[in-house]
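What follows is a set of structures to go through.
You will see two complexes here that share subunit A, one where it goes with subunit B and one where it goes with subunit C.
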Partner chain A sequence: MAVKKIKTIYDVLCPFCGTLCDDLEVDIADNKVVEVRNACQIGTKKFYSSNPNEHRYETPMIKKNGKLERASWEEAIDKAADILANAKRPLLYGFSSTECEAQSKGVELAEILGGVLDNTASVCHGPSLLAKQDVGQPGATLGEFKNRADLVIFWGSNPVHAHPRHLSRYSEFVRGYFRKDGRNDRYIVVVDPRNTHTAQIADLYIQVNPSEDYELLNAIRAVLRGVELDEKEVSGVSMEKIKELVNTMKTCSYGVIFFGMGLTQSLSHHRNIDAAICLTRELNDHTKFSIIPMRGHYNVAGANQVFTWNTGYAYSIDFSRGYARYNPGEFSSVEVLLKDQVDASLIVASDPASNFPAASVKNLFKHPLIVIDPHESPTTVYADIVLPAAIAGIEAEGTAYRMDNVPLRLRKVKDAPGECLTDKIILEKLIEKVKEKRGE
Partner chain B sequence: MSLDNLILLTGRTIDQGVALEGGKTTKENVRAAAICMFDTDDFKKLDTLVGTPVKIITDHGEVIVYSILSEEGPHPGIIFIPMGPWANQLVNPDSQSCGTPTYKGMKAKVEVVKSGKVLDALDLIKTLKEA
Partner chain C sequence: MSEIKLKLKKETEIPLEAESITPDNFAGKSINEIKKLVVYYGREELTIGDFFNVTGKSEEKDDLIISINGNLSNVKRIGENMSGGEIIINGDVGMHVGNQMSGGKIQVNGNADDWAGAMLKGGELEITGDAGNYVGSAYRGFWKGMTNGVIKVKGKIGVEAMLWASGSVPAKRLPTLICGSAGSFLGIHNHGGTIIVEGDVDRCAGADQIKGIIVIKGKAPKILPSFKKIGEVKEIELFNGEKITGKFIEYAGDHSVKKNHSTVSKKTGELNKSVNGRLYIAA
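Up next, the complex of A and B:
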């Protein structure tokens, strides 16, 4: 048997989570991924799953007689453009798992169609963006935290599971310029209702009652200001522990709070983040402190950037009056679906059928559904049209923004299988066809 | 047997992340995300074997998933289901007008089910499509 020639590509970016690791090495033979080094379990799996397999779409698919059947690009684009051009108020959702150039094409299409434009921030760090708009955000880039932070607080986030290499690259084990002894030079605090795997390797674990983070944050702010609270405990945390935490915060030389879904998806939503940001601001009277959201999708930060350059708003944007309007409580995808206020959907690189609450998913399927996605998912299987995409960051180049809003260039390591096109080209084809149908 | 007054949390697990990248319609995804993690002491009260299917009920819906002991305990009174279609049958779609649903902190009830099947992702979503 002939030995296959293996090509190694270095410094590859991982298109999975917001940590956006940029030190991967990928071996390619025969246009297939044969080895991935340095990535976490999830990133490795993503690279391998780009190889041809039974879950990958390689040609456009159109639903005929209740079943998805292969179709030509011309037919699929024509039919998709028909649906979109005839919809009164289509929803364009997803965009966080693709590159910035494709995202800007999505904005263009939404504006032409007069639709609702949204990205996955609306089900994850949307409240963080609302809070940032309310009270600002004292932040920094991940390199600063790596080199300087001696107090690292994970609040409602579990990076061992959700951002597996964050701890070894930026926040816990890594050696930094002023943190030469790595883990030993940092004090790690975890605030979470569950004793997570991240908490199990922390120096201080604070078990807060579920949905009571707001009270705890404000108790910490009060103690920081020297107020004696007439309580034995707040949110299930004893006053001694709160005082210990405040003392640790005040006496560190550089602290950082990494917060996750524990704050954004629980009852108080953006009010939690408001309180956490105000606490961070007040801590800067004593020492240096920053706060940063642990962004989920690798380019959700990019989606917020691109949408903001183009429309002025980061997510949940409505173009139905011909200009951009912003009100997440009214225009977020989950809300417009829940109230059944859209009459067609175009989903780009996302799986809302799996990730939205059941009541919203029911309405998603009531109207025509077009999906641009490389892989089979509960959304694509029940869609009317599936447009097969090259995987951005593996089969297409582009720009992505890390969780700290640093833009990095994604690499292409292999060609896409079959007839797959990049998200950007597919969206350009749709824009062209929609304009043609409208006689523009 | 059943348990009342539990709090349901949902979120990412690394197994669920790996499974979804491997194929959202696979059995691997069912094993990774169609599970409910219990505090060890809570689970004893259910008086059943680990792995037995359980029905989780909230004000917003119900779903049958496999039971499993939590590695991230103790967390008495709290159950955890990885994010995904199973968890999303139970979460609160209300966003209190901020756009983001309340995926964490629902009041939940658990029942051990004698009959009843854990559906795979496609069959589960099909029930919503046909509803």
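Up next, the complex of A and C:
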């Protein structure tokens, strides 16, 4: 047997979670991933998923007689452009698992179409963005936390499972410039209704009643100001524990709150974040404190950045008037679908069929649906046209923003299979064709 | 007194944006001119005449009544920015009805969708049915929401009504909301608004309130821990001098807000409750 030649690529970014680890080493042989070093298990899995498998689309597909059948790029782009150009109110959604250059093309297409443009922040950290607009956000980059923070609070986030290397790279075990002793130099607090694996390695675990985070934050803020509360217990947490936490917060030299979807997607949504940010702001009267969302998709922060520098708004944008308007709840994808207010959809690198409420998904499938995706997913199965994409960050390079809004360069480690094209090129083709059909 | 009648020809599939329907825009125009006013349908720019039958006669703005019939639940922005006259809507109406209106009256004989009377500056909005979320609220990112005027909703309203309301007694700006019952976070970030709820409210009423009065004549599930009980009262005096009688428990708050008037004395450690927002709940 011939020995395969293995090529190793260093300093590769992991295109999976918002931690956006940038120290991976990937071995490639025969255009296949054979080994991934330094990545966590979920990141590694994503690299292996790029190897040939039956769930991968390698040519464009068009639905004929209820079945997706192979088609040429020309036919698929022509048909897709037809659908989009004729729609009165198309929805363009997704964009968080692709690179910024493609996201920018998505904005361009949405503007030409006069459609609704949204990204997955709509269903994860949209509330964080809303709160930030209401009350600001004292933040910093991850390096700052690594080197300085001696109090780390995970509120409604469970990095052990959702951002596995966050702990070893930035927040818990890693040694920092002023935290020479790593874990021993940090006090870890977890606030969560569930006794998660992250809670189990914390110094202080605060078990809050489900969906009562707002009340707890409210009490903490009042206690911090020196107000004696009438209550003995708030949200299932005793007043002694609240006072202990407030004291810990006030006396640390640098504190940070990493909050996750446990806070953004529980009952009070953006108001939880509003209160948490106000608390952070007020803590800065006593010491140095920051707050930062644990972003899920590796480039959802980038989607917010790109949308914002192009339109002024981070998500839930409507172009029907020819200029950008913003209003989550009115132009957010879940709502426009729920109210059946769009007449065609283009989904880019996302799987709303798995994440959206059933009623919204039903309406998504009711109208023509175009999906740009490397893999088969519950969304692509119901698509009228599937445009096969190269996996950004593995088969295509580009820019991505880490959860702390630091831009990093994604690498290409192997070629895409079959006729796959990058998201950016596919969107460019669509833009060109739509313009042609509109006679521009 | 003159009247223009609009009747929706048929229900639309996607939302119609019709902020051109205001007495300000209709005043002194002929039926043909009114029919030519622009409305937005998806990415298309069409006219009122494409969607509505228009009849009647229009004269001075302040004496003009526009009455609209049909299911308008997919028609947005009726009465936006209006400054006088009257609109009567017979049926349900879509989002943003009467947003930023500064004068005149809108009567909705039906239900209203979200953002009804958002950032109201004056005038009166009355809804006989229910209303959606963000009634009289500030739009995203604004720190000044409803600054004056009155909103009355007979039925229930959704969450976060009167967000960032901004009133001032010396300036005679008294934003007021009266409703049947309300969802959570009623009057959040309230800066001097008056809210009267005839029935019950959901969680977190008055969160982050600095000034303002919230009166709940029904039940509230839980009061935020940062509110301090003052005692029982038999009469409540509102900012406009009107009085509400009945047995209420008076709370001061929200004491979690830093820059409010609920200072804690450095000397005695005592809380100054006298100049703070108020929440009254029926005893």
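We adopt the following convention: the second predicted complex is superposed on the first by the 440 of 440 C-alpha atoms of A that agree within 3 Å, B and C clash if a C-alpha of one lies under 4 Å from a C-alpha of the other, contacts with A are read in each partner's own complex, and residues count from 1 in each chain.
Here, contacts are C-beta pairs under 8 Å (C-beta built on N, C-alpha and C of every residue); 3 or more make two chains touch, one makes a residue touch a chain.
Just so it is clear, the structure is predicted and the values come from calculations on it, not from any experiment.
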item: Superposition on subunit A - do subunit B and subunit C clash or fit; value: fit
item: First, second, both or neither for A:328, with subunit B first and subunit C second; value: both
item: Partner chain(s) touched by A:130 [first = subunit B, second = subunit C, both, neither]; value: both
item: Touched partner set for A:253, first subunit B, second subunit C, both or neither; value: neither
item: Which of subunit B and subunit C A:320 touches, first, second, both or neither; value: second
item: More subunit A residues in contact [subunit B versus subunit C]; value: B
item: Computed vertex angle (subunit A) for partners subunit B and subunit C, CA, steps of 10°; value: 80
item: Which superposed partner A:86 touches (first subunit B, second subunit C, both, neither); value: neither
item: Touched partner set for A:222, first subunit B, second subunit C, both or neither; value: second
item: Partner chain in contact with A:378 - subunit B first, subunit C second, else both or neither; value: first
item: Which of subunit B and subunit C A:238 touches, first, second, both or neither; value: neither
item: Touching partner for A:8 - first (subunit B), second (subunit C), both, neither; value: neither
item: Minimal inter-chain CA distance - subunit C and subunit B, angstrom; value: 6
item: Touching both subunit C and subunit B, counted on subunit A across the two superposed complexes; value: 130, 267, 328-330
item: Contacting residues of subunit A [partner subunit B, same complex]; value: 16, 40-42, 45-46, 49, 53, 55, 122-124, 126-127, 130, 158, 160-162, 164, 193-197, 199-200, 207, 210-211, 261-262, 264-267, 269-270, 296, 315-316, 328-332, 334-335, 338, 351, 353-362, 365, 375-378, 381-382
item: Complex interface listing, subunit C residues touching subunit A; value: 13-15, 17, 40-44, 74, 95, 114-115, 133-134, 139-141, 143, 160, 184-185, 188-189, 203-204, 207-208, 222, 224-226, 228-229, 254-258, 262, 264, 269, 271
item: Of all residues in subunit A, those that touch subunit C in their complex; value: 88-89, 113-115, 130, 133-134, 214-215, 218-219, 221-222, 225-231, 234, 267-268, 271, 274-275, 278, 281-282, 285, 319-322, 326-330, 340-343
item: Interfacial residue positions of subunit B with respect to subunit A in the complex; value: 7, 9-14, 17-18, 20-26, 60-61, 70-75, 78, 80, 83-85, 88-89, 91-93, 95-105, 121-122, 124-126, 128-129, 131
